[in-house]
Every structure is written in structure tokens, then in C-alpha cells.
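Input: structures, listed below.
In the two complexes that follow, subunit A is the common piece, with subunit B as its partner first and subunit C second.
Up next is the complex of A and B:
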């Protein structure tokens, strides 16, 4: 195959796959900027563009409350899980705590359809905590995200970080000091990446938030799902709300990628 | 400064793999000891047990007479320089140096004074505010050394600190470390697999193999009187020629005999070797004990040996001749001769072997047969 043809085929494949990812977003953007009638037209029309739908989202629905709940729950769940996940990952990397059975259990729990765990969790919460509250959702998210974040971080504490800690121990640091002052800062980008991923997972989580929330503690995914009613889907405001809900994730993703790459090359000082 | 003593120290992993077995060793106060051996011989594990980074399975470790087996590494007051330097990547050079001092709650002025002193000594002053990633290999090595020195510990443990440097820098740092040891008079244990480092740096070397100490002694003593064929073959490049042969008694004199080589042993050795008369042995001949003229081959005048040259390696100050005894079919040996004369491959040459330097090893145990020690001079 000649060089130019090969380049053409390669680009065509890449463009096709990129389009599969980008086109729905572009479609949602178009819908969010048009009125309900234009939104459904095939072939698609651009029509008159306005920000009316965005204004309506705030005016007709408790969007600010959902957004605030989502931020609060995702931030709290991440802040609580991150230190514990870091310590768990460190213990696993250094002392093989739990051995491989622990990680098989962690991965197995991630493989379970979430719906299987929802009802037992609901029953547990019913007996010890107020369900239909933000704190219940935070705890549920910590329970789901913590093992996954820890699993992700184990590799960041292996390798060169071990000899750095040994150097610190020889310098007079206790194991805790070596952990806090050497291992954690060196694994910093990796920990940050895990934190960002935890935040995004919590931000997007739907099922637990649906079961454990009431109208005052609804998060964005639950609120957005509520826009689909028996009377139909109010597609244009839903598109606007979807884009607003996506915004924090879109802002965080480049950082996640940056820190993840940095985290993977941790301590690579040869 | 500190004296370090290991008594029957053993390290076993998972109750099966024995990494270090029964090491008995005393490193004197202010001594420069080198642990030498091939990869996996247990030298680094022994060093790490001294540092406290590995648990001791059995035996005792004493520093200045105090048992340290269960003392945390942070409390042993030893400093280690790692092969990969292990500089804290998120700290500047200055912070790297100050880290251990801050942990000991030294006053700021004292920390600054020590850092200034060490950075002047090692020439790392201009890079104090840089991060390790911004330094070259040699500079990182200096900083790692500085981090050990600045603490003024009881002893320094050096875990192959020169092996990541290029050959030229390695030679420079070798000299600097020797000077540093002389200046500080500190106890130093240096782990290496490089026999040149061991020979040039150590006041004594401890040669290890398969987790056991094979021989301990002053470098030239070990070199001249290797305990077994492993040590004989490990030290020096090219190493000692080890040839299968036998000891034959003839006319009241003992001869070491192999294909194309028959050497009457000096009378001083004959008595020591008498028990092996008529038995198979391994004969050890150092390449540099072959000389071009008989007058340089020792007091006994040397044994003429005729060789067929197979390879010539002119190294500059000397030439390494690979040559076979008994024509091309005989065993090949290495010899080192002075530079200045040109040799041709295939030509026959007569070199003179200094018979007083001969080594004889038992075939089964591979240990050197006891004989009067050859002094290192």
C-alpha cells in the first residue's frame, strides 16, 4: 500500500472513532441551544440559537441544589476515601497486607452488578443511619470507590519509592515519617490522579444516589433522570442540564491525564 | 566511629532460600572494608542487615559491642549510599542534605554550617537549589554521598555507589572515596562486584559466594594467597589460569605437572604439598608471573615455558598474550607481558615462570593447599 493511501486509511479510522465519541456531544450541544421543536427535526437544523434552555434549567428545576449536592457528596467522598485508600495501597505495596486474596476480593466486588449490593446496603443504612440523606450517599460512595482507588495506587508505591523510604529511614525517619514525608509526596501525582478519578466516579454515580436520596439530597444524575417524565422528555432543557453536569468532569479530565502519566513515571530518577 | 561485628549472621527468606549463611566478621573502627562477590552472593543483603533494612534471621549484629538486631534503622546512626542514589526527587539538593539533620532537631545555624562544609568539600555548592532530576549522574552521586556525610554517622555503608557511573567518573570517584576515608577516618563498608574497586579501595576485602564468606584479608594478601579456585578466578583480569594437573614426586623433589608444563616446586612448598603427591590437583598460574627474561622471574631464575601465541591484546602499558602450552592442541593460558615487544599470532615464544608464585588447589574441595604465605610486601 503506498504511503499516502496508508496515511489516509489511518486517518479515516481515527476520524471515524473520534466522531463516534464527539458527535453525540455536539448533538447535545445543538439541542441545548435550540427550542424543543427544532431539536427533533431530521435532518437536523440549527435554527435560532439561544441560551434559554440553560436559564430554564435553573428556573424550572432545583438544578442548583442538585449541582450543590453532587459537589458536596463527590468532594466529601473523595476526601474521606483518599487518605484511607493511600494507606491501604501503601500497606499492600510494602507489607503485602492481605496478599492476593485481598485484591481478588476487591476486583470481584467491582465486577458485581451494583444493583446486587444496593438493597443490602439500603437495609444496613436503614438500621444505623438516616437514609435519604447526603451522608448516606457519601458513605456508599466511599465504600464503592475506596477499594478501587487503593487498587489503582498500589503500583505508585512500588519500585523506586521503596529505596527512597529506606534512605529516609537511614536518615533517621520513623516508618510513619518516611510515609508522610517521602512516600506520599513522591506518589503525589498518582494519589492526585486516583483522587480525581474517585471524584469523577462519585460525580457520575447514579444507582446508589437514586436509592439513598430524597428530593433534598438528590444528585445531578438522579435529578437529570427525573426530567424524563410520563408526559415525555423535555429534551432541550435536559440537554442543557446534561452539558452543565458534564462541565466539571470535562475540566478535570486533562488534569487526570496529566497526573496519571506523571504518576506512572514516579521516582524514575536514574 | 564504630566497630561492627557479625556473629554467625544468617538470612533466610520464607524459611527456604538462604541468602546469607553464618557470616562471622569483624570490621574495625575506622576500617575500609569491601564486600566483594558476584551478583546474588549475599553481599548487599549482609550490608542491608547491618543497616537494619533487612531482618537478621539468626546470629548477632554488634555495633560498638551493643547488640543491634532489633534496633530500628533510624536509631542505628549509620548512613547508606544506594546504587540508585535514592535522592528525594521532590526536594532540592539542600533539602535532601538537611532532611536527616532536621529529623534530629539540629539547630538551623548548625544545619546551614554542615551543609556549607559538605557542599564545599564535594563541590556541590552551586547546585544546592536544584532538584535531583536536574543533576547529572556524577552530581547525584556526590549529593548522595553528601547526604551520608553531613549526618556525621558512626559508619558509612556504600551499596555499589559507583556502578551507575561511566568508567572515567568511576575512577575519579574511587580516588575521592579513598581520600575521603583517609580524611574522615570513618568506618566504611563498600559493596561491589568490581574487583578493581575492591583491590584499590579496601583496607581489607571480604569475598563472598553463595551467601558465605570465602576469604577475608588485605587485598594483596588475598590476591597472592587465594583461598580457593573461586577467589583465584574472581580477582584480576585476566584471572589466574587454572589447569587440571597432578603432583609428581621425582628425585626427592615435587613437581606440578600438566600438559606442556612441568614445574619443580620450591623446597619451601614441597613439605606442605607432600600429602597430595601423586594425586590430581588444580594448578594455578597468574598471568603476570610469566616474564620475558629469566632475571625477572624471581630468585630461582624462573622456569622456561614454550608457548604458541593464539591472541595478542596490546593494552598500552602491557600486553595480554593468550597462548597455548604444547603447541596449538594444548591448554590455553593468559599471560601478561610488558609492552614494547611485538608478538605475532602463531609464533612460538619462551616465557619464564616465577615458580615461587605457583598455586595448587585440591580437586575435590577446590581449596588452596596450605603453604607458607606469600607476603604482599
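Up next is the complex of A and C:
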């Protein structure tokens, strides 16, 4: 094949692929901006566009409560996990603490299907330890976040700050000071990225929140999943609600780009 | 690399360093034991008893009874089979499409950033939202998909209600959601490949296909193995999509193992048997994870 034809075919395929991703999202946006009747029209028409559905979402459903619960739970689960994970990762990178057995266990922890953990957690929170269901969900999300963050962060502590820490130790700094004042700031951007990815994991989590929540502690995914049964196929406000649920992730994505590969490949690729 | 640190034969580490390492590790380890090891052990313990939500309590010890019941339950075996089919289908299709797109992007300069930014979009999307969006599109009479197919003369398809179609509908939606995962990782692997072998091959007059087959594939092998394994393990866990789109149906066409365990526990109310099924799933996932860990070591 001549070179130009080949380039043309390549771009044609890439454009088609990109369209498959973008068009559904554009269509959801369009549905979210139409009035209820137009949203159902087949063949579709664009009609008059307005933000009414976005207001409707807050009026007709406890959307603010779901959103607030999701933010609260994700922030708490992340803030609890992050310091523990940072310390574990640093110890593994510097002193190989725990060795292979511990880190195989950490890897296995993040691979565990949530259904395995949710049954015992449900039993424990139901009978032995009846806590506020929001706290129960936070605890469950720590079980996802902690191993993920710890595993991801080990490589952030390799290399860069080692000699700086040694110099500080020569000058009389304690090990703890070398860790907090040097290693953590040097790995700062990576730690922040791990925290943001952990926030997204918790934000997106569905099964724990579904089983452990009650009506006052429903998170966004649980609330949205219930919408389709409540409101039938009232798709215009549903489209608006789904886009509002996606917004935080789409906003965070550009900041995470650099760390995405590391996070997704569980640290295997840079 | 994560794994290299952990696996190298330990050099001598000062005893105070060692102590400090454990001091930093203990709190996190204690938390992990509390939120992961303890529930897992609780589930395994429960699996040895007759424990139902109607009659809860560890009164009747049944030993391996729940495991025998689970393995003799045709619906459970069916859910394992459906899950295995799903894992193979999505991993093979996402890999084929993902590798193709990754190779093309790797050869592209113009517009690469834009293509990349677009394909990142579905990556961290909430699976519940993905399910809801596609449910809306795939509605038999009101959905945009059937309308568009109608315009080119294809009769409407009952995407989620037809026993023969629903499974493949879930596969397609999963591909839409997850193929970017494959692309991003494979592209990272491709970008890290050395240039010299390709230059040498070009001097020898090798075709692009030969280059791909004899250079790219062998060099990419470790990355491919790790990418496939991670994706497989996550596919085994698939739950949200079927909960939102099909509730395991129609009939039991999309009754994946996580959803089936959920049903056994909260519809069938038999937590003992559900815990035994969790135990079986645990063994499957741990075996895959052990293989993944070995493969990750091979990369670094």
C-alpha cells in the first residue's frame, strides 16, 4: 500500500473509533438538554435546549443527598487510607519491609471480588458492630483504597530522594524526619495522584454501597441505580443526573494523565 | 519497579532501619487485617455452617456441606460457565481491538493527543452510569440504536430482553467501557520498545507484517501477559453492568458469578451457601493473582 493511502486508512479507523466513544456522550448531553417529550421523539429532534433537567434532578430526587454522601464517603475513605498506604509503600521501597509475602497479599487484596467481602461485612455491621451505615461504607472503601494506593506508591519512593535522605541523616535528622520532610514531599505529586485515583475508586464503587447503605446513606451510584425503577424511563433527567455523576471524574482526568498508566497497570508499567 | 524491590534477595539492612520499616508498616497492616483478612476469614467460617438470614447464627456445623451443595447446584455451575465465557469474550475482543488501535496510534503523529484524550474518557467512568446510558440507548422501541439501525433497514433488536442477544450486548457495552484500558497499557508498552531491532530489520528488507510478528510481538509479550491478566481478573468481578442492565437475565443468560452469589445471599437468603461460593471464587481469583504476580516480576 502506498504511504499516503495507508495514513488515510489509519486516520479513518482512528476517527471512527473516536466517534464511537464521543457520540454516545454527546447524545447523552443532548438528551439532558431537551424537554421530557422531545427526549423520547423518534425520529429524534433537537428541539429547544435548556438546563431544566439539571434543576429537576435536584427537585425530584434527593440528588444533593446522594452527591453529598458520595463526596463525604470518598473523601473520608481516601484520607484514612492515604497516610497508612504512604507509610507502607515507603517501608517497602526503602527497607523491603514485609518482603514478597506481604506484597503478594496486598496485590491479592486489591484483586478480591467485592462480593466476597461484602457478605461478611454485611453480617458484621448488621449484628456485631451496628454503626452508622455511612461509616460502614467508608470502612468497606478503605478495603479497596488502601491496598491499591500502597501498591501503586511503592515505586514513587524509589530513587529520587534516597541520597537526599541519606544526606539529611548525616546531618542528624531522624529516620522519621527523613521520611516526612524529604521522601514525602519529593513523592508528593505521586501521592496526590494515588489519593485522587483512590477517591475515584470510592466514587465509582457500587456493590458495597448498595448492600451497606440505607435510604439516608445512599451514594450516587446507588441512588442512580434506583432511579430507573422509580422514574420508569424518564430519560431526560436521568441523562442530566448521569452527567453530573461523571463530572468529577472527567474534571480530574487531565491531572491524572501522567499517573494513569501506573495506576491502571498496578505499577507494572511506567 | 514495585516488584523488583520486593523480590530481590535482601541486602543487609540495618537493624534500626528494619525496625523503623515495621513501625511504618504495622498500622497499615493492622488496618488491612481488619478490613480484609478478618472478613475473608469470617466468610470462610460462615461457609462451614448452616446460616440463613431467616435463621442466622452459627448453630449447625455442616463442614463441607455448603461447598458440596454449591458445586452440585447447576445454576452455580452455569454462572461460572457464563462468567468464564464473558471473561474470554471481552478479553479477546478488547485485546484485538485495543492492540489494533494502539499500533495505529503508535504510528501516528498528527492528532495523536486528541485521539488519546478522547479514548481516556470512558476509562474511569462509573460502571453504573455506563450501564444506565447504554440501557437508555438500547431501549427496544425508544432507543436511539434501534432507530439508527432502522434507518439502514435492520429490524429492531431486543438488546437486553432476548436470551440469545443479551450476553453479547453486555460484552459490547463492556468493550465500549474497557477497551481504552487495553489501549493505554499496550501503547505504553509499544512506546517503550527499543528502535534498533526495527532499523536493522528494515535494512534487511523486512515487511511491516514481519516486523510486527518477529519483533513487536515477542518484545511485547510480558506487557501483553500482564495487561491481559489484570483485565481478566477485573472481568471476573463484573457485577455493576449486569445489575443495571439485565439483573442476570433474561432467564439466567447473564447471571455472572458475583451477581449469582448476591442473589443467593439476599434473595435466596442462604448466607452459608453464598459464603461457600465466595470461597470457591476466592480460590479462582487467588490463582489468577499468583500468576499475575509472577508475570509482573518478569517485566521488571
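Assume the second predicted complex is superposed on the first by the 240 of 270 C-alpha atoms of A that agree within 3 Å, B and C clash if a C-alpha of one lies under 4 Å from a C-alpha of the other, contacts with A are read in each partner's own complex, and residues count from 1 in each chain.
Assume a residue touches a chain if its C-beta (ideal position, glycine included) is under 8 Å from a C-beta of that chain, and two chains touch if they have at least 3 such contacts.
Every value quoted in this text rests on a predicted model; they were computed, and no experiment measured them.
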item	value
Clash-or-fit label for the pair subunit B, subunit C on subunit A	fit
Partner chain in contact with A:12 - subunit B first, subunit C second, else both or neither	neither
Which superposed partner A:21 touches (first subunit B, second subunit C, both, neither)	second
Residues of subunit A touched, compared between subunit B and subunit C (which is higher)	C
Partner chain(s) touched by A:49 [first = subunit B, second = subunit C, both, neither]	neither
Which of subunit B and subunit C A:37 touches, first, second, both or neither	neither
Degrees between the directions from subunit A toward subunit B and toward subunit C, using C-alpha centres, nearest 10	90
First, second, both or neither for A:163, with subunit B first and subunit C second	first
Which superposed partner A:97 touches (first subunit B, second subunit C, both, neither)	second
Subunit B versus subunit C as contact partner of A:171, first or second or both or neither	first
Per-pair minimum CA distance [subunit C against subunit B, superposed on A] in Å	5
Intersection of the subunit A residues that touch subunit B with those that touch subunit C	267, 269-270
Subunit A residues touching subunit B - in the complex, by the definition given at the top	160, 163-164, 166-174, 177, 181-182, 185-186, 188, 267, 269-270
Subunit C contact footprint on subunit A (complex, rising order)	10-11, 13-14, 17-18, 20-22, 24-25, 27-28, 31, 40, 42-44, 84-85, 87-88, 90-100, 102-109, 111-117, 119-124, 127, 139-140, 142-143, 146-147, 150-151, 154-155, 158, 175-176, 179, 200, 203-204, 206-207, 210-211, 220-221, 224-225, 227-228, 233, 235, 238-239, 242, 245-246, 249-250, 252-253, 256-257, 260-261, 264-270
For the subunit C and subunit A complex, residues of the former touching the latter	1-3, 5-8, 10, 13, 16-18, 20-22, 24-25, 27-29, 31-32, 35-36, 38-40, 42-43, 46, 56, 100-101, 104-105, 107-108, 110-111, 114-115, 118-129, 132-137, 139, 141-142, 144, 147, 176, 180-181, 184-185, 188-189, 192, 223, 226-227, 230, 233, 236-237, 239-240, 243-244, 258, 261-262, 265-266, 271, 274-275, 278, 281-282, 285-286, 288-290, 292-293, 296, 299-300
Parts of subunit B lying in touch with subunit A, wherever the complex brings them together	51-53, 72-74, 78-80, 82, 84-90, 99-100, 103-104, 132-133, 140, 147, 151, 164
